[in-house]
Structure formats: C-alpha cells, structure tokens
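What follows is a group of structures, each given as structure tokens.
Two complexes follow with chain A in common, the first pairing it with chain B and the second with chain C.
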Partner chain A sequence: MSAPMPRALEPIVLPDWLRAALSQPATARVAPSSRQAAALAQILNWGLPTARDEEWRWTNLRPIARLAAAEPQAKAPCSDLSVGIPDALVIRFVGGQLQALPQNLPAGLSLTPLSRAHDIDRAAAFAPSAQSRNDALLALNTACATEGVVLDIAANADIQAPVVLDWQDNNQHGNHSHTRLFIRMGAHSTATVLEATQAPENTPHWRNAVSVIEQGANSQLTHISLGLAGDQRLLTDRSFVQLGRDARYRSINIQLGGQLARREIDVNISESGAHCDLLGLMMPRGKQVMDTHTRITHGAPHTTSNEQYQIIADEAGRGIFKGRILVAEDAQKIEAYQNSRNLLLSNTAEIDTKPELEIYADDVKCSHGATIGRLDDEALYYLQSRGISRTNARKLLITGFAQEIIDALPYPELVAQMSAMMQTHMGDAP
Partner chain B sequence: MSLLEIKNLHAKIGEKIILRGINLTVNAGEVHAIMGPNGSGKSTLCQVLGGRDGFEVTEGSVEFDGMNLLEMETEDRANAGLLLGFQHPVEIPGVKNIYLLKESLNAQRKARGLGELDTFAFMKQVRELVKSMQMDDAFLHRGVNAGFSGGEKKRNEILQMLLLQPKLALLDETDSGLDIDALKIVSEGINRLRGTDRGIVLVTHYQRLLSYVEPDFVHILYKGQIIKSGDKSLALQLEAEGYEDILKAAS
Partner chain C sequence: MSEQHEIEALVSRDYKYGFVTDIEQEIIPPGLNEDVVRLISAKKNEPEFLLEWRLKAYRHWLTMSPPTWAHVHYPPIDYQALSYYAAPKSVAEQAEIDANRPKSLDDVDPKLLEMYAKLGIPLHERAALAGVAVDAVFDSVSVTTTFREKLAEVGVIFCSFSEAVHSHPELIKKYLGTVVPAGDNYYAALNSAVFSDGSFVFIPKGVRCPMELSTYFRINALNTGQFERTLIVAEEGAHVSYLEGCTAPQRDENQLHAAVVELVALDDATIKYSTVQNWYPGDEHGKGGIYNFVTKRGDARGDRSKITWTQVEAGSAITWKYPSCILRGDDSVGEFYSVAVSNHYQQVDSGTKMIHLGKRTRSTIVSKSISAGRSQNAYRGLVHIAKTADDARNYTQCDALLIGDRNGAHTFPYIESKNASAQIEHEATTTKVSDDQIFYLKSRGITEENATNMIVNGFCKEVFNELPMEFAVEAQALLAVSLEGSVG
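What follows is the complex of A and B.
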C-alpha cells in the first residue's frame, strides 16, 4: 500500500474576503491598537496554518479558504438551548454581533460589551500573544475582533444562574466573525458559563473565537462548550485559562454539529492547590472534522488535573485529540491523569489521538491512556441474547459511551436536551 | 408438542467438530440437566442454541416451540421465549442495568404485539425482583455487570430470567464460581422459574446445583454426544463414581 497523501502542506493563501476584511480601517476593532497592529502584521506574514505546523498536522483549514464570500442573509435564529434551564442569563450573538445583554443581573456579576470595556479589561482580554504560525488564528482574532463580552465576577460572589452565550453563527453579517470573551473571577467566586454554537442548515459561516479566563484564588468555574446544529458551520475556538491558588476550572466540551470544530484549551496552573477537569465528547460523522487540542501546564507544586476525552467517529467523520501535559521542573507533587477513549464505527472514519507528556519534575504522578476500538461483539451478542435488536444494541452501546460525558453536565434539563440531541445526531444509521 | 426438539445436531468452529449428533427433547414443565467433563461440548451447545456467530451447524435440526430455531436471529430467539444464561456474563460499563431490563422487556412486548410497558408498574416489579435476588437497588443504575463479582453476575442473569419469563431457560454453568450463599439464592431464583408451561435446561459441571434444583432428567454429554440419560440418580451416581466409570460403562 502506498503511503498516505500528506495533507495541506502547501501554504494556504488567505482568501480575498479575509484580505478585504483585514484591510478595513481599524476603528471598529476592539483590541488595543498596538496589539492589533502587531497581530495584523503576523497574520499577513503567516497566512493560515498548514499540516507543516505541528499543532495542525491533522486538521486541514482549507475549508476556511474555500468558504465563499457569502452575501449577508437574514436568518431566523435556531432554538434557544437555555429553555428549561432555570434563571439562565442569555447573551445572544448573531453572526458574531452582540444583541442586547440580559438585564437584572445577580449581585456580583457584571457584563460589559468589549467595545465599551475599560482599557485595562481590553488589555487583559487580549493578553495572549501569538508566537508562531501555530497561533495564527489567535493573531487573526486579535487583528479582527470587533466585539465580545467581559464577564466580571466579584470576589466571593456565588452566581447560581448560568451565563449562556448563545452563538447564532449564521451569515446575516457575512461569512466570518471573530469574537472574544474575557472572564475574570474574583477570589472565592463561583460561576457557570455555557457556550452553545449553532447555525441553520446550508449556512456557511466561520467563527474564530478566543476566550481568556482569569481565575482568582479558590474560585470555581464550570465552562461548557456545546457545538450544535449547522452542517456548514466552521468553528475555531481557543481558550486560555489562568488559575490562581486553589482555583478549580472544569471544562465540558461536547461537539455534535458543524462541518469543522477545532477547539484548543490552554490551562496554565501556576499556583499551588489549583485543579482542572477537562471532559470532552466529539461525535464526527458524515464528513465532519472535530478536533480538540488541550495543553495543561503544571507550573506549581501540589496541582492536579484530570482529563477524559471521548471520540465516536462514524461514516467518514474524523476526530482528533491531542493532549499535552507539561510539568515544570520545580512543580513537585503533581497528579495529572489523561484518558482518551475512542470508538470507531465505520471503515471510512478516522480517529487520531496523541498524548504528549513533558515532565521535568521527579515527584509526579502522571498517567495517560489512549484506546481506539470498535463496538464490542461480545457486548452486542449479550444484548441481542436479551431480545434487543442489533440496531438497538448498537445504539445502547454508543449512547452509553457518549452518556459518560453528557451525564457530567450540570442541570438535569441540560442533560436531557443534550441526550436527545446526541440520539438525533447519531441517527438511524445501522 | 415438545418445547425444544434437537435432532442429530452437528456443529463445528472452523475445522474443529464439536457437536457430533445431539438428540434432546424438552417438554414444558420439565427440568433437564446436561452434565459433562470439560470440552465435551456443553458451552458450544448453548451458543449454537443462542445463535452466536462463529459456529457452523453442519447437520441436524432444532425446533423450538414449533419454529426452526437455527434460522432465527439471536434477538428473535430471545423474544420467542428462549433465553440463554451466560457462563461468563459480559460487562458493559456504559449501559445501565435498568436500561437493559427495560429495552429487553419492551423488545419482547413489541415482538408479541403488546404496547410499551407502564414505567411505574415496571419499576415496582424490578424492585421486587432485585430484593428477591438479595441485590441492592443501586445495582439498577450501575453498568451491566460492570465490576460485579462472579456471584453478582450470576444473580443478575437469573434476575433477567425472572423478569422476562422465558418459555425455555437455558442456563450455562450458572452455578460455577458461586459460594454456597450465592448458590442458594440463584437456586431459589431458578426454582421460582419452574412451572408447568416452562422448560429449564441446566448445563453444569457439578452435581452441587442439582441438590437445590432437582432435575427431572439428567444427560451426560461426552465428545459432542449425549451418551447416557437418566433421572436425578444419574447425577448422584456421577458424583459418587466420577465421569470415568460412567464413560467406560457407556462405551
């Protein structure tokens, strides 16, 4: 058999519509001007990453370059996922543009459009800077972001109501958007942020998102990311999380829809006692590509992390998980666990999974495991021997596997909605 | 009409011939025990009757409740009323026991033209069964057999039988690996299944189970054939004399 064709090695030329957007006057953009200018120079110099760039070996960004320069079309918004979640505070973005912010916020929570945020907040929101072409989309976001939200949670505030970011990624305002989220959590505060991204069918739109999260001492954030409807929707989304002493960050990332979903989660655990949980479920089918790269840096002693990622790939779907864990030289007494479990349901589906552990300290408990398997024939036979049809037995096994992550979601209403959506997404394919 | 009628059944795995002409008739109301040394074909017989892939029937026929069993899919066999209790019940971590029970019962009801079951009545029935098998309610929300002890797995098999009420229960070494307490619980469960309209086939290596569940007939399987049949005294004779003497006498 011949070697597989290398993917997208040639440089990807920036499409005309993106060049046009980059040459627009900078007035409407929200990044501090010096950052904007530097980022603009970077993206013009780099172009989009290709398979030559280590962090993009498996994911081809050509679909972005091929995106047509769509005429803006008015679209009805998709259904609101927050229905049934008590007291949800919904922030809606349509085609990357902010709609009205919710009123009557609980004490300790403030929401500000990035375009009207204080200079200090804008500087913090754009703090991460691109180092190489691997980070080209971060530079692009910094150069192009026109809006976003600052979520400021005061010290000691316990915000029970979830803040829902309802990303309606339709092409009402063009074929691409760049959004930026900044979450600052004061010491001992608690909050839940739920991002749901969706678009109508046949609506090509690429959203290139960045979120920057700063957690103060002993604060606790649950950050949920749900990729829902939209067969032609493209999402690239990178989160930078900085954890203070004893802070806890919990990410639940579930991707069902979209043509492309690429998520990057960078967690910097730089003070002792801090912990992060990264949970993920990706279910690519059809020609969907779903990719998550996580990078956890244990920069202080007595810090812990726990990672569980699951991919279920069907038809010609492609799923990618790369999990990097870096333990710095002086970071002793670290516990870091990573588990990547994957189900391959068809001969044309593909799953790539790669743990990457870099450990410089010597007193560390670190473990990782990665498995890619098919549905267990023994288990199928056992279920059939109880009268369950082969089709339903397959469904039970796949559902059971997916449910391990879905059940980790807060709010029973949300678990029920996501379970139903997962069932629909799985469809009746034999 | 007999419930199960096996005639001259031959089967092989790959090129290895395992069953060499089995004849067995089970009528409603009867309990049969099939005993035999390791490698005699006991488990193969169970798997062929259960419809597992990988076995090839080369000769003979099996009629179950008037149907040609060998032409039926595994799930159709179960829904027609033939249930197989596994020697090694499979662990399925992601699927909760309660879902398995519900799906199986609904599949059976659907096959028999009945509507979906009433959740309240179902839960009540399941809880009673869980209690009768001396299991904890929490078990219902654990993965099927996931992390269960050997005894718990076998109790779970019997619990499923009691819920699904098969016409014929085929229990493959349900007694192996059980301590005496678990054996008693499992035996009581099997005895509750006994009835004039139901057949039970116990496939076992040991006589021990048969002290608790008294069979009407005992068959000795050896090298893929039933070489001797008798009443329960045959099992006792086997216990006293061992296989060798009986095999010698039979040959």
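What follows is the complex of A and C.
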C-alpha cells in the first residue's frame, strides 16, 4: 500500500520558561489533582496552538513564545477604573496574585478565594475540559492556575453594586499567570461583574484566564470585560457560560490596550427561554492584535441570542472576529442574530472575520451580516461641507461608530471614562 | 400529516440517469504507482513534458494527506482499489492507431451515441438545432466533439484535452497548471498525476465564440475514478460561454470524481462557466453515489476581464467544490452564483473563493442552499482583499432553506481584508419555507407541492437568471425532482 505518508508531526511550541514552570512542584495549584494531572499531560503533548489549528489560523501566539523569563519588577499599580462607580466592590489581583477581598458585602453575595474554596466548588470551577489543541490554553490554565475567586450569588439576591475584578497584570510575580474565576448565580438573582485588565508600560506579562459561569433559572448577569493600558500586556481569556431556564447573560467586551488580547466566549443555552447578548468593540492600532471568538450553542427550543461586534483597525493593528451560532437538532423556535461590522482605516492593518452558522433544526430564524469597509465618503463630505476639518470629521465618525458599544455600558461614570479612554487611544491619527 | 405526506412524496424521486451502458471497455487494473502514471501517459502518446509533469504531481501527492476540514464524513478512500483509466474499446483502439486523426461523428460507436441520446445530449443534428457544440467525455476518454469546423472558421479551438496535447502542445505547455498548480491540493495533485481526458477551449484575441460550448461528463465503468481536466483560455477581448453537465450510473459503491478546471481570462476577456451537476447522489439510505471532489479556479489575469461561475449542484453523495476567482487584473470581475440542493444523506460542502489582487476588482457571491431529508449542506467561502486591491468591492449573500427537521444548513465564510479602501458586505440567512407563504398559496387553490415548488424556485431565481436559457429550464426541472417528496 503506497498510501500517502502522514504529515510529519509538527514541533511542539512550548517556550523553555513555560516548560520549566510546568515542571515545578504543584504545591500552589488549585485545580483538583486528577484534573490537573490530565491537563498537564495534554499541554505537554500539544504545546501551544499554531496557525494550523483552525481556531488559531489568524492569531499567532509568537508574542507569548518570545516572552522572556523577565526578572520580577515591583511596579506601582495603575489607576483604579472603579473610581466614580458607586459602591463598587473591588477585588484586586496583582500579577495574578489575589490582594485583599472587599469587606462589608451585600446580603446574598459571597466571595471566596479559589485556594480556600470547597472541593465541590473547585470541581465545578474546573469542569470544562480541553478536547483538542485548539483548547490548549484551557488545559494550561487547569494545569497551572494558582488562584482565583468563587463568586456565589444566592437565589433571589439582587446585587446592585458591581463586583469589580481589577487585574493589575504587572510582572511583580513573574512573566505569566493563570487565573480562574467561578461565578454561580442562584435562581432569580441579578449581578454585574466588571473585569478590567491593565498593566504599566514596558511591562511584559501574559495572563491566561478562564471564567466559568453557571446561571440558575431567571438569573441575570451583566459581564463586562475591559482591556485597558499596557503596551506589552498579553491576555488570553476564555469564558464558559451555562444558562438555565429564562436566564439572561449580557457580555460587553471592549479592548483598547494590550499587545495581544484573545477572548473566547462560549455560551451554552441549554434551557428554554434563555437569552444572551454579546457586544464587543476592539480597536487595534500600532502592532496590537485583538481577537474574539464566540460560540453560542442553542441546545433548547425557544431560545434567542443577539450579537454585535465591531472592530476599528488602524496603523498595523489586526482585528479578528469569529462568531459561531450552533442550533442543535430539535432546538426549534430559535432566533439568533449576529452582526460583525468593521472599519479598516489603514492599508497596513488587517481585519479578518468569520461569522458562522451551523444549523440542525428547521424552525429557526438565524441570520448574520458582516461588513468590512472604510468611512462613508458621503458622510465625510457632508461634515466637511459644514466647515468641519477632514481630520475632525473622521474622528467624529469613528467615535460615533465606537460609541455604539461603549454607550451600552451600565453606569454613566463608566461610559464617560471609557469614552475618554477611547478618544485617547484613537490618538491624533488623521 | 397529509401535508407532510405530500412533501415526502415530492422529495423521493428516482435517479433517471442511473442506467449502465453495456459497452466493451478497456480498463487498466486497479492500483496507483508511477508505472500506472507512465501507462496512462503512454496510452495517450503524450510528449515528454507532460509525463514529467504528471510524475512530479504524483510524487508530490504521495507527500500529502486528504483534507479533513470540510463538513463532510466518509470512510477513507482506498486509492489502490480504484482503476485510473477506463475507455470504451473502440475509441481506445482508434486512439492507439492514430491519436492525431480528427474523429468525425460517423466513427463513433453507435452504442455510445444511443447512450447520449438517452441522456438527451444534443449531439448530431439535435446539436445543430440547439446551437450547442458538445464535447462528451465518457469515463476517461473524450468521445466526440461536434461542430468543430464551424468553430475553426473563427479560430476557436474546442477539442478533447488529449487531442490538444498533440495539436497545440505549445498552448498546453503555456497554460496547464498555471491556475491550479499540480500540487495545489490533495485531489488536484491526484488529478494532475492521472487525468485521462477533458476539454480544451481556446478563444483567440477579439473573438466572440459564436455558440455556447458544452461538455458532458459521464462515469460508466464500475470501480473507476474519473479524473478529467478542463482548460479554457480566452485571449484579449474574447468571449465564451461554457456549459458542463454530469451524470453517472446507479451503483451501490461510491465512485470518485476528482476533476480540475482551469480558466484563464486575459485583458477584456469574459468567461462564463455554467454547471448542472447531477452525478448519482446515492439512494435514499445514503448508499452509493459519487464523491465529487473538484477543484475549479479561474484566473482573471487581464485588466477588465470577467469570470462568472454559475452552478446548480443537485447530485453527488458528497460534494467538495469551491469554484474560485483570482482577480489579478485591475478592474476585473468575479461572480459566483450557486444553487446547491441536497436530499436524503447527501453532503455538500461548497462555496467559492474570491481573491482580490488588482485595483477596483469587484466580486459578487450569491449562494442558495436547500437541504432536505437528512442531508448536510454547507457554504464555505473566502473573500480575501490583498493590500494591493485598492477600492475592491465584494457583496456576498448566502441563504439557506431548510425542508424537514433532520438536516443541517451551515455557513462558514472567511472574510479577510488588508486594504482600507475596500468594501465588503456579507449577509446570510437560514429559514424554513414559511407556513404563511404556503397557506397563502394554498388558499389560492394551489396544491402544497406546487406551492413549495414555487417558493423554492423563487428562492433560487437570482441564480437561475444567470444560467443560459436551455440550462435554466433544465435546472428548474432538476430542482423539482431533486426535492420530490421532501417539501414542507
């Protein structure tokens, strides 16, 4: 049989410092030991994903591979974003290590460091398992996570104050960290969780995060993720969301800073009446790479989803969006809409988008739209004819486009801060 | 319930092209190695450069593995169990006597002509009436080319590939493999190594081809693969419309069809390539049927050139096919219009690639898929805007219609843009035939079956409008039979 020869096995890309870290004794790691061992074997076998892996074809992890085993440096923390938001409950992590938890929690909310959480909670927090090399970073997190938080929201609790996770990703404790968040919401509860990731300039640090969210019946969660300052900050962050009956999940993902930001949001709608909204804005410029992969699985009838993602890419920035909507067999009466709108402002920038529909039921209304384009010439002309300079006209149009997502944020204080940051990020580029 | 029944009745049709022609065939033993490649080349009395090209492709193929990314499932194919050359004997003998001698219709085995009559191909006088020049490919060998003299008058070359190798080796040498290189992908490499025949079309500078050209492909022999290769070259300002049709006998085994089509359009040239693909799709239990793994690509090389792909995909157990356009010339245009119908256990993974390289290049993609039974129907496409493609424009619309609740409709569009002046729009929808529409039509006295047919035809209209008229009529009829028994 002269059947074609199998393709030579690709070399495993695992930087030396990471391999060294993996061989450290597992004393401080928090995943249940059997899960940890299995995940360790997986990541050693797989290495980091490469462009050959479908989910990573547009995002290169070379910046991670190139990350040097830098000397730990003490750095002053960045400014606190939650300033101005009333009653914010701030949980601060510095270089992946938990600082003090907030005191005086409202009734119905409990916060526990993962390292001190009950075995059952830890098992739930580490429930998702990696299936292929596409999930290698999930395996790495399971193998290496040293800390995290369990957010427990009791049934019927309506937590008005936002829980703010202030991720100060500096390299005080090394060049990489692996954090895990577990949010469990009881039936009919309401909460807002805001994650802000930032680092000082010239501080290379990679945080590989995973959050696992379980929402009970009729619960409502607003989950905000903001990528702020840090020119050498690398973030890979994956969320697994499980929605119970009539539950609502709303994600707002805004990425402005960081050298690399890769977010994956997997929403599993497994019971009727549930709904999710995924909103996102990514503004890569300079040499930034910003990538979001979302997967919404409609596993039960009468469920809906709505997704809007916008990328504004300038200079040599790269923006990537891949959104998949999967409707399982027998999941009838589904409505799912997805919109990927993108502005490409420079010939050295690149935008890649892949809106996918995978549908196995027939009584569905699913649609997606994707556009990549430039600013509307007529709109520019109109503004210029009103005496606004071309530069300002462009700025106005870009701001208007970005503001669609920023305005969806709760709390006027947050909208104002993010709008200002967006303006600064946009700079004075013509 | 009775409505459901009518719909069922509408989808379950018989494959009317499933007959086998009993004709003496010359088949080389199954298996694939360098000797087989040499044998095929020797049988066709090919020049040295072509044999070298085949061997290079074969050696490259050995290093490749079959693609696994498509949304289709099938057991691994044993490439050693297939026979790579089958020819009706009379033609084969004749070919051995004199490969260069032009064949007239009178030399053709009457049994073959009878078969083509059964298929309804306009050979002979019927061809004259229809005004279509036909090149019919039977398994591996091109049987006859009609209307040769009339085309020759204006300088158009339309002949079988193996003839062209002898009569116009310089053109073959110049263009073969320039659009789909020998090692392009697994099936293209296999085809390059063992391709047996196909059609060659050359439209010289400034000529508008006076009639529509057509090829009819048919797989007849058992356990053979069909590997034909089509090459169409339109010189500056030339214009051609080319039609392709395919059928195969009804067999329980799966048969492989791995073709390659290359189109080259120079400055201001237009090529319109239309396909009605109706290979045997297998029975209602998913048994048998053709594996249709085809590489089709057009190179809009010249400025202001235009390539249009129109396809109606109704047959094949598995379709793996992405007719593509490389928009190299400035102001070149690429179009892709497709209707893909799948029923029973058919699997379709089809779409297009539009690679924008030139300035002000434009592309349009309209893809309509209809899935019934337990079939899986996926659109997979790529729109790529290179840095050089200033003011490029793309519009894509992918709609899927679901008939029945045991099938799948999927959309996997890849959109990549590196040029800030480009504009890309993509839209996709997935729905079922609306109950309201059916109710409305029924209340006007139209039966459910006809109502569904009307809706489905309306759904596909945008694509059918792009087909040459004779084909459009055939396509509508094909759609109706393909969906027989499934609509609801």
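Basically, the second predicted complex is superposed on the first by the 418 of 430 C-alpha atoms of A that agree within 3 Å, B and C clash if a C-alpha of one lies under 4 Å from a C-alpha of the other, contacts with A are read in each partner's own complex, and residues count from 1 in each chain.
Simple rule for what comes next: contacts are C-beta pairs under 8 Å (C-beta built on N, C-alpha and C of every residue); 3 or more make two chains touch, one makes a residue touch a chain.
In this text, all values refer to a predicted model and were calculated from it rather than measured experimentally.
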item	value
Partner chain in contact with A:Ala124 - chain B first, chain C second, else both or neither	neither
First (chain B), second (chain C), both or neither touched by A:Ala154	neither
Touched partner set for A:Ala37, first chain B, second chain C, both or neither	neither
Which partner reaches more residues of chain A (counting touched residues only), chain B or chain C	C
Partner chain in contact with A:Phe401 - chain B first, chain C second, else both or neither	first
Which superposed partner A:Leu344 touches (first chain B, second chain C, both, neither)	second
Which of chain B and chain C A:Leu22 touches, first, second, both or neither	neither
For the chain A and chain B complex, residues of the former touching the latter	376-379, 381-390, 392-393, 396-397, 399-401, 403-404
For the chain B and chain A complex, residues of the former touching the latter	50-53, 73-75, 77-79, 83-84, 86, 89-90, 92-96, 99-100, 103-104, 107-108, 111, 143-144, 160, 164
Residues of chain A touching chain C in the complex	1-7, 54, 58, 329-330, 332, 342, 344-374
Residue numbers on chain C that touch chain A, as the complex places them	32-33, 61-66, 69, 79-80, 186, 385, 387, 400, 402-432
